[in-house]
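Consider the two complexes below, in which subunit A is the common component and subunit B and subunit C are the respective partners.
Take a look at the complex of A and B:
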């Protein structure tokens, strides 16, 4: 518990330092609880998520950094590796490939990379995975873009 | 229309998260987290059977395990008995090599009070720190693990306020918050060494998994619970400058009829040691591990 708190505090300081270096990620710690974080990430360019701002919720376990943080999308997203209803993310580093070498910041980077490079063979969202697997890139992209517009972009008047 | 469903779906998740035991007709809410929970439950059950590091047992306890098993193994255990008299088991949680190494090394220092060895390993630990830094690891990701190992190293040396006894060493090795941190320290050291000498390790890694060196380190070295292979052992031994003997107990036999037990000595690559004494005497390992396919325990020579 003490160890995880100390580590998170170091990450907090690092995040303040890196703010300018990584304009695509805005990682914020809960005011009253260092085990709760949220992040705003920019949808990567040249993907159907471009132009969208996606919110992630982090719940950090007491055994952190030996155990991974739990991360999910709060913003609705149409992506093969993200559960459409719960926002749960299928990413190896958040499960058995986790190691303390990762940080909350680098997890955000990995999620952005996952958005740009979906893995349709281990889908949490089968509709999205099936579109990609059957080669209907256009179908996948238009669905993903529609949800980006609906859920991840500021509403216009 | 789907969009309006957004906030409601989130509300559902909150509810699902607060009920840890999902019903089977509740598939939409049955996620990876539940699988991980089940895995940790299985691990907890395993933990009740064997501590991270067990008590010293006579070699006869090993023979008892194979009483009705392979005659070759029983023969081999008899041969083992000529040189070794005890075994200390470690938990089969994928960390057994690192955990065996940790206990064996610290126990050796505790018994020998070999300050020269401690100074020597400390120099190498600092080298490992530099390696990780030059590979681009942020200090805060590994420094806690380094600090905890150095603390243990200091405390097995007697004559300090923080000195500990053999019993205390065993307790600490069984304490998850200490034991896992030291295991993780070794994983960082191993990964750093493999990546620093990636050209040397690449062919061995290709032979094992057909991945890149970097991928191998990320998926098979750094994560806790990933089992160790000769690549890990070579790298750790080289990085820390600590020789390791591994005795192999399997069902292989040689044609000549006689049964013998093979061992392999991992001797640190001297060329890479910053602190090599340059003496010509051959280093003999003070750490001996017993390897049975898939698992490492500690062996005690007579």
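Take a look at the complex of A and C:
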């Protein structure tokens, strides 16, 4: 408990310094609870998520960083490895490939990389996974773009 | 004199059965070449030299031995040798081969760095920041597995504990840095683990890996048993895979099922899956069901009335006998021969099949439970009856070993007898001579075993009563039980060999001939 708190506090300070360094990620710690974080990440360019801002929610366990944080999308996203309803993410480093040397910041970076490179073979969103696996890239992209417009972009007017 | 006469009385009345008598008695049934001295049979059957039972200490010893061997030959540390052996399924040969073919490749695959070029230059300076807690420490509080990635000792301890609690994956522990594949070996665990409990768990996983990944060793599948069995012989073919563990569980080392001579592992697996297979019950249903003439779902006749109503949503009402519409058919005494014969044929086949299977299964299962009971009985005999006999008959413990011998024999024979029913099930229907012979031999085996079982179970009881002096009949009982044990053992040994040879070496052409021989043996007795 003490160790995880100390480590999160260090990450917090690091985040303040890095804010300018990485404009794609904005990590925010909950005011009253250092184990709850949110992040805003920019959809990577040249992907159907480009132009969208996606919100992630982090729940950090007491055994952190020996145990990985739980992360999910709060913003709706059409992606093979993200559960469409719950926002749950299928990413190995959040499970068995976790290393205590990862940080919340580097997890965000890994999620941005996942958005650019979906893994259709371990789908949490079957519709999206099937489109990609059947080679219907345009079908996948137009669906993903539509949801990016609907859910991840500021409403006009 | 008829067959029954022999089987019920011959041995019972002849309390002076000895080796020679027994030989000729059974040789009339099965003539197998028997190079074995009867005195050796038990050791051959029981604790042959082809396998070794290992306790935890034996396993550790063996594990340490191979580690030491690899460590010496490759001039690497014991911990490094351990990583290599684990990677190559504990085969010393495979480690050596791979290492001498391409050491660099092997090092890369298992995450071994060249320890000569260690961290000296990587983290210059007397302080370093830990990659997990991000705190800055003096050099002596920081540790790295040779790759130079610095982590403090406390964080290493937590990292190791969390890996150990996650299971056997801790045996391939790597540097915590996600981009680094340097292995954290067991010296690292020993040095940095937070508690002795963690170290103990780790070494337990290491031992388990030695047994489970080793092609020559398997855990005994007996309930709660902690022994493992190393099999040295080739097994298969002429050789038996049978293993008898110190926990008294006997099993086939190859397929890990109960010992199953005279049938082979393949037959056992088909038989066991058949026993659990639902399709068997489906066939049973077929014999008592008919398909609904409208929706084709099978429906079961449950009452005496011929008026059938199909299940919802179909609800079609029809006649069980002619399958015609119930309301449009009046009477059905018109005989539709073609349709009927076809349908009845299928049902008949199914019924016959089910009856055959049930016949063999029931007897297989009966011998199985009889064996279970015999195991329980033998424990009771060992714990109570023997002690009682020492008092009532004034015998020493070793003088009563013949009683436990008899029970061990019963337990072993029940096992064999049980599997002869799977054997019988798969014996081709059209091999009439073989089938008749098989059934005769099986019948004899069964009768012989019943005699022994009865003698050990019931006749013993009279000697448990304390009359203040040894009973007169006890000596006779001893001779008889010893005789029956020996005779039954030899018969079953020959039976097993004959069945394993597909009954091909049996020197008789059919059961008639054997039947004719019986009065002759009987006359001798």
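Methods note: the second predicted complex is superposed on the first by the 157 of 157 C-alpha atoms of A that agree within 3 Å, B and C clash if a C-alpha of one lies under 4 Å from a C-alpha of the other, contacts with A are read in each partner's own complex, and residues count from 1 in each chain.
Everything below uses one rule, namely that a residue touches a chain if its C-beta (ideal position, glycine included) is under 8 Å from a C-beta of that chain, and two chains touch if they have at least 3 such contacts.
Note that the structure is a prediction, hence the values are computed from the model and not measured.
Participant: Overlay done on subunit A, so just call it for subunit B and subunit C: clash or fit.
Facilitator: After superposition on subunit A, subunit B vs subunit C: clash.
Participant: For A:95 in the superposed arrangement: first (subunit B), second (subunit C), both or neither?
Facilitator: The answer is first: A:95 touches subunit B but not subunit C.
Participant: Once the structures are superposed on A, label A:70 by its partner contacts, choosing first (subunit B), second (subunit C), both or neither.
Facilitator: first
Participant: Which partner chains sit in contact with A:32 here, subunit B, subunit C, both or neither? Use first/second/both/neither.
Facilitator: It touches nothing on subunit B or subunit C.
Participant: Per the overlay, which chain contacts more subunit A residues, subunit B or subunit C?
Facilitator: B
Participant: Looking at the overlay, what does A:86 touch: subunit B (first), subunit C (second), both, or neither?
Facilitator: After superposing on A, A:86 lies in contact with subunit B but is clear of subunit C.
Participant: Check the residue A:7 against both partner chains and state whether it touches subunit B (first), subunit C (second), both, or neither.
Facilitator: A:7: touches subunit B and subunit C.
Participant: Given 7-15, 151-159, 241-249 or 277-285, which one is the stretch of subunit B whose C-alpha atoms run into subunit C?
Facilitator: It is 241-249.
Participant: Looking at subunit A, which of its residues have contacts with both subunit B and subunit C?
Facilitator: Residues 3, 6-7, 10-11, 14, 65-66, 96-97, 99-102 of subunit A touch both subunit B and subunit C.
Participant: Which subunit C residues qualify as touching subunit A in the complex?
Facilitator: Touch residues, subunit C against subunit A: 131-135, 149, 154-155, 158-159, 161-162, 169, 176-178.
Participant: Can you check the complex and tell me which residues of subunit B touch subunit A?
Facilitator: Within the complex, subunit B touches subunit A at residues 2-3, 6, 9-10, 12-13, 16, 28-29, 31-33, 36, 137-138, 140-142, 144-145, 177, 180-181, 184, 187-188, 191, 218-219, 222-225.
Participant: Can you check the complex and tell me which residues of subunit A touch subunit B?
Facilitator: Within the complex, subunit A touches subunit B at residues 3, 6-7, 10-11, 14, 65-66, 70, 72, 74, 76, 83, 85-88, 90, 92, 95-103, 147, 150-151.
Participant: Over in the complex, which subunit A residues touch subunit C? Could you list them?
Facilitator: Its residues touching subunit C are 3, 6-7, 10-11, 14, 63, 65-67, 93, 96-97, 99-102.
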